[in-house]
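Multiple structures are listed underneath, in structure tokens.
What follows is subunit A paired twice: with subunit B in the first complex and subunit C in the second.
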Partner chain A sequence: MKTFIGSLIAGLLLALPLSAHAGNVTVKGSDTMVILGQRWAEEFMKTTPATKVQVTGGGSGVGLAALQNGTTEIAMSSREIKDAEKQKLRARYNTTGVQIPVAKDGVTFYVNEGNPLTALTVEQLRGIYVGDVTNWKQVGGPDAPIIVYSRENSSGTYVFVKDHVLDGEDYAASAQTLPGTAAVVNAVSKEKNSIGYGGSAYAKGIKELKIKKGNEDIAPSAENIKTGKYPLSRDLYFYLRNKPAGEAKAFIDYALSPEGQAVVTKVGYFPVK
Partner chain B sequence: MRLATLLTLCVAPGQVLAQEPPSTPAGEAAPQAPSADTQTPSEPPPADSAPADADLDERMTNAEGKVAALEEQNAETKVDLSALKKLKISGYVQARYQYQQSLDDSGTGGFSRFTVRRGRIKTTYTTDWSQLMLQIDAVPTTGVTVRDAEATLYIPGTHQQMGLTLGQMKWPFGYEAVQSSADREIPERTRVVRAFLPDERDRGVKFAGNFLGGKLNFSGGVFDGDGIFNQGYVGSDNDKEKDAIGRAGFDLGWVSGGVSGWYGHTITKGPTDTYRKAYTRDRLALDAQLYLDVLPIGATAIKGEFITGKSYWKSSGDVKIEQPGVPASGWYGLIVQNVGLTDAVAVRYDFFDPENGRKNSTSEGRPASTNSVGTLAVAVLHYFGEHFKVTAAYEMPVTAAPGAPKDPHDNLFTLQMQARY
Partner chain C sequence: MEQGLTQPVVAPTLSPAARRRQLKEKAIAGFITLMAFTGIAALILIIIFVAKEALALFTEAEARHEASLSKMFLAQDVAPGRPAFRWQPVSKVPKVSMIPLFVGTLKTTAVSMLVAVPLGIFGALFAAEFAPRRLRELLKPVIELLAGIPSVVLGFFALMVMSTFVKDLFAFDRPLNAMVAGLGLALAIVPVIFTVSEDALTAVPRSYREASLALGATPWETAWKVVLPAAAPGILAACVLGFGRAIGETMIVLMASGNADVISWSLGDSARSLSATIAAEMGEVVVGSPHYSLLFFIGVQLFLFTFVLNLMASTWTKRVVKKLTGGAA
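Moving on to the complex of A and B:
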């Protein structure tokens, strides 16, 4: 029996595949980052045609879940990994994961161009999104009901706003969820009394609200976001199970290179280097 | 064009016929040619366009109504789903084949058996400020038992980082006792943990919190102290003594660990006692975990824990007997090497000294129950996707032998298939 068991274990050991590196690189996660990831992939594949980089969205939570169940090599996330997600990586892969900031962004609140307001405090935004403030006149605007647009809860931006604006409280039941930032921008541009939020890269054709802090109205400008002065600045991340190797490392090296960081600026975000 | 003509004939035969000259009986005068006014009816009357617009308006109104109804249904569905999202149902089954050698050449002991070690169903319902958790175990040997039944209140404003839990839950002590059995690499917990924290659970109240962004954590509370197996008193405490138990830990990502303490008493009758009396029941533990990413084949984890204390439980068949006031200690070290995304190898050595240095004794050439035991275990794991894991483990207990007892042939092979959702 000893011989049998020894042989069985030896056989199982020999059967273990010694390499996990696939030929292609899969990148999945944050919808905020999906355009950025796709541009990086396009540019990277021009210089490295042998490597295929596949970029898909779905939200930060989806990307980090894919990282935990082994279906993506790189997860894009617009928020930091949660403790529970880290614990799952530990339990399954004996690693806490590798976090790589690849760009900076400021979560921007959008209103329709016809809205006379230019700035709101974080507390006013919280009031609107938890449902305490339902009419624009309550925050100095016209007498009109507020139509609130939000993101789906798999979105890192949704979580960021919940944590940093709503102070952990639930969104109002009346908030309408839309599947992507582009959809939020589109809805706000068409609906006069609406408000939405998303990454600054998408803020085209609508008005970006400044954040009122004390006597100052802080715009989500490049300088304010890079220095962290804008209160809703955040990093955008790549997450991996282990330290990058092979094609994944080459892709990340490109994203962090001067050329890759130039793409960040072109897309509308802000470089980390 | 022909088709159009045919359709026109079929649809408006009356009109076509009306344009034909009426047949007249022979000899009757032919009717007069129609006037110019009567020759134009073949053109569509202006009024025809008005009904078309009305039809379009009606269709639009209907469509808008349908969209509004769908939006309403969607809103209702979202409200229903938002409640369902708070509910999480999970579970796992660990089914095994095990082979243990005969203890000696006479063929005593040993087994070859199929078992279902764990069959868990866990329900968790989490809101912003509370959580319900109920976990049951359903297996052929012990039937259905309640493992966890917890009611947690999250402290407002802490983003669920601090909470108070009342119910039946795991003792907040050490690392391995708290770790889920579904996540462990070696099928069973170490001897020292099984001796000091059998079944890992008790009824009590616990505070748990994370501080400094999760870098520090604390979990501690007051418990009955007798666990969930207390023979004759299952589910209730047989004395008024309560035990204070807790762990303070740190987590810096690649390294984590903690120190755990347990202070309490058990009222029981020792082997030489006439009446029941209070015995000290305490434990102290240190644990540490390292997560390294140095080898190209995958991550490496190194884990260790040391526990010392008094009044542990000794298993005697299916019965666990408390050893009042008896000091004991033990430790373990574990290395897990991931190989790619789907495989891992684990090696663990655990040591348990049941009477803290008391000289080992022998009985007819066999080790006595007071012998210290070291166990070397090797396991190979393969993950079939996210939900299925196969473990082949071989455990070799090595009994210390200062009195020259014979190390029994009790090596154990376990092949386990774990399915979870």
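Moving on to the complex of A and C:
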């Protein structure tokens, strides 16, 4: 027992200098991006084993808060930094931060597979989410009430849809909010008359709506999102306090390299380049 | 006395073994005291931390403007001339009414208590008074096992299985509503109420039962009119514990209630509870913003609720005990 404890203490003492080693990059933030970040870290560490990249989630706000508190080097965020957050950065570090778009994501609206509709205009979607349109009949569908699913109001996607679809207006009170895209997809797949939104999802039981623009129905395809033709595409960002340097720079350079961007496609998002 | 003046009192000499025992005793007592005070200190620190983060709502001008008490508890104009209670703290004009959250919390908690209290108490009464020994030995651990299921699993079960079933059964419009969340919550609190009630019922002295039966009462009359009232304080404690868990339970409500900030007493509508709001929004809120303080303020309110409830329950329990013992104890 004594030798065991002894070796444990020795091991901890040995590990101490390792954890304080300069070759550490911490990445924290958006849950949307956490899988992407982890894949990048894995691949990156294969080529540069001396550097340890730690990726944790928690949400865009959590990552940006950690950036303000100095507890992470890189913050992942699925939304742009808010003014309040910028001010904090300026107050503490005399910088407004550095924004680096690292991937693209398309926000898609899902309906149940049983729904005959395939495309809606942005105005129709706004009507549904603001609460002016409450029956599928009003947008050319069957005569049934619309069950509206949304994300919780702290989600980056919630804010994106609010800004880009609702023109800043408030969601209807009857919109139900669910924690996470997976919960929305699941709810939509089970409820025939429902609609929800989130990142492009590959799931059974749901259908991704195209966006009707003029005479054209634009699908949330890789090509349309990359070129920005799909109207509801957004950037996913890395935020740093200062210009990237050292190991962090090497990691970001890797993420933006052709190999890094190939990982983006594999994970299910879209490359920025 | 005189002797004491001339000869100072000397402590009786102890054998080394006795002295060692005394020291050990002291060390153990000290350790236990330390542990107790650590617990109390942790509790106080948590309260201070939560209250401190919420305090910004009242001290900072920006927060006072965005989330004043009147905005939290009175109707605000959502559209010109259309006052309403809304919870939309990330809107351009933040709306921070607590009322829909209260309604949602009350709705889900009420459903769960209506289901869990009778189920828990009658289950306990059955296990303690009527069940054959074998069945009782099976029943108790099975129900206690239910208490060990993580609430996120119960929430998932409510979301995946119960929602469609309940919707079809009651012909609700929405699969996620206060009813489903309440039933999910009931699953979590039945074991709490059952276990504590059962302990209280078995603790009733045997002589009470024997006296009642000897006077000619049937087993049912004995259980209902003698054992149950005698165990009332314990059973009330069980209900308070269950209520506390129901009001603070987060994961099940977050997953199964739909979380829409509607004000309605219909169980078929969605409900947004206080605790689920904290869980849903704390993850991405800007630290130090009015919204952040607001979430801590909700925490303070939840804390006050359970505190006041416990206070009320303990005074009531004292009265019941006094009545039952005729003021002897």
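Keep this in mind: the second predicted complex is superposed on the first by the 243 of 273 C-alpha atoms of A that agree within 3 Å, B and C clash if a C-alpha of one lies under 4 Å from a C-alpha of the other, contacts with A are read in each partner's own complex, and residues count from 1 in each chain.
Methods note: contacts are C-beta pairs under 8 Å (C-beta built on N, C-alpha and C of every residue); 3 or more make two chains touch, one makes a residue touch a chain.
What you see is a predicted model; the values in this text were computed from it and never measured.
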Practice task
Would you sort A:50 into first (subunit B), second (subunit C), both or neither based on which partner it touches?
Solution key: neither
Handout entry: Which superposed partner A:241 touches (first subunit B, second subunit C, both, neither)
Key = first
Exercise for the section: Could you say whether A:190 touches subunit B, subunit C, both of them, or neither, answering first, second, both or neither? Expected result: second
Practice task
Would you check which partner chain A:70 touches, where first means subunit B only, second means subunit C only, and both and neither mean what they say?
Solution key: first
Practice task
Figure out whether A:170 sits in contact with subunit B (first) or subunit C (second), or with both, or with neither.
Solution key: both
Exercise for the section: Give one of first, second, both or neither to describe whether A:154 is in contact with subunit B, with subunit C, with both, or with none. Expected result: second
Practice task
State whether A:98 touches subunit B only (first), subunit C only (second), both chains, or neither.
Solution key: first
Exercise for the section: Across the two complexes, find the residues of subunit A that touch subunit B and also touch subunit C. Expected result: 68-69, 153, 168, 170, 173, 177
Completion exercise
Residue set of subunit B touching subunit A in the complex reads 78-79, 85, 99, 101, 128, 157, 159-160, 180, 183, 210, 214, 253-254, 291, 293, 296-301, 336, 338-345, 378, 380, 382-383, 385-386, 392, 394, 411, 413
Problem - Of all residues in subunit A, those that touch subunit B in their complex - result: 1-2, 5, 8-9, 12-13, 16-20, 68-70, 83, 90-96, 98, 153, 163, 167-170, 173, 177, 241-243, 245
Completion exercise
In the complex, subunit C touches subunit A at residues 78, 84, 86, 88-92, 95, 100, 159-160, 163-164, 173-176, 254-255, 258-262, 269-270, 272, 279-289
Handout entry: Touch list for subunit A against partner subunit C, complex
Key = 31, 58-62, 64-65, 68-69, 82, 84-85, 88, 145, 147, 152-156, 158-159, 162, 168, 170-171, 173-179, 183, 186-187, 190-191
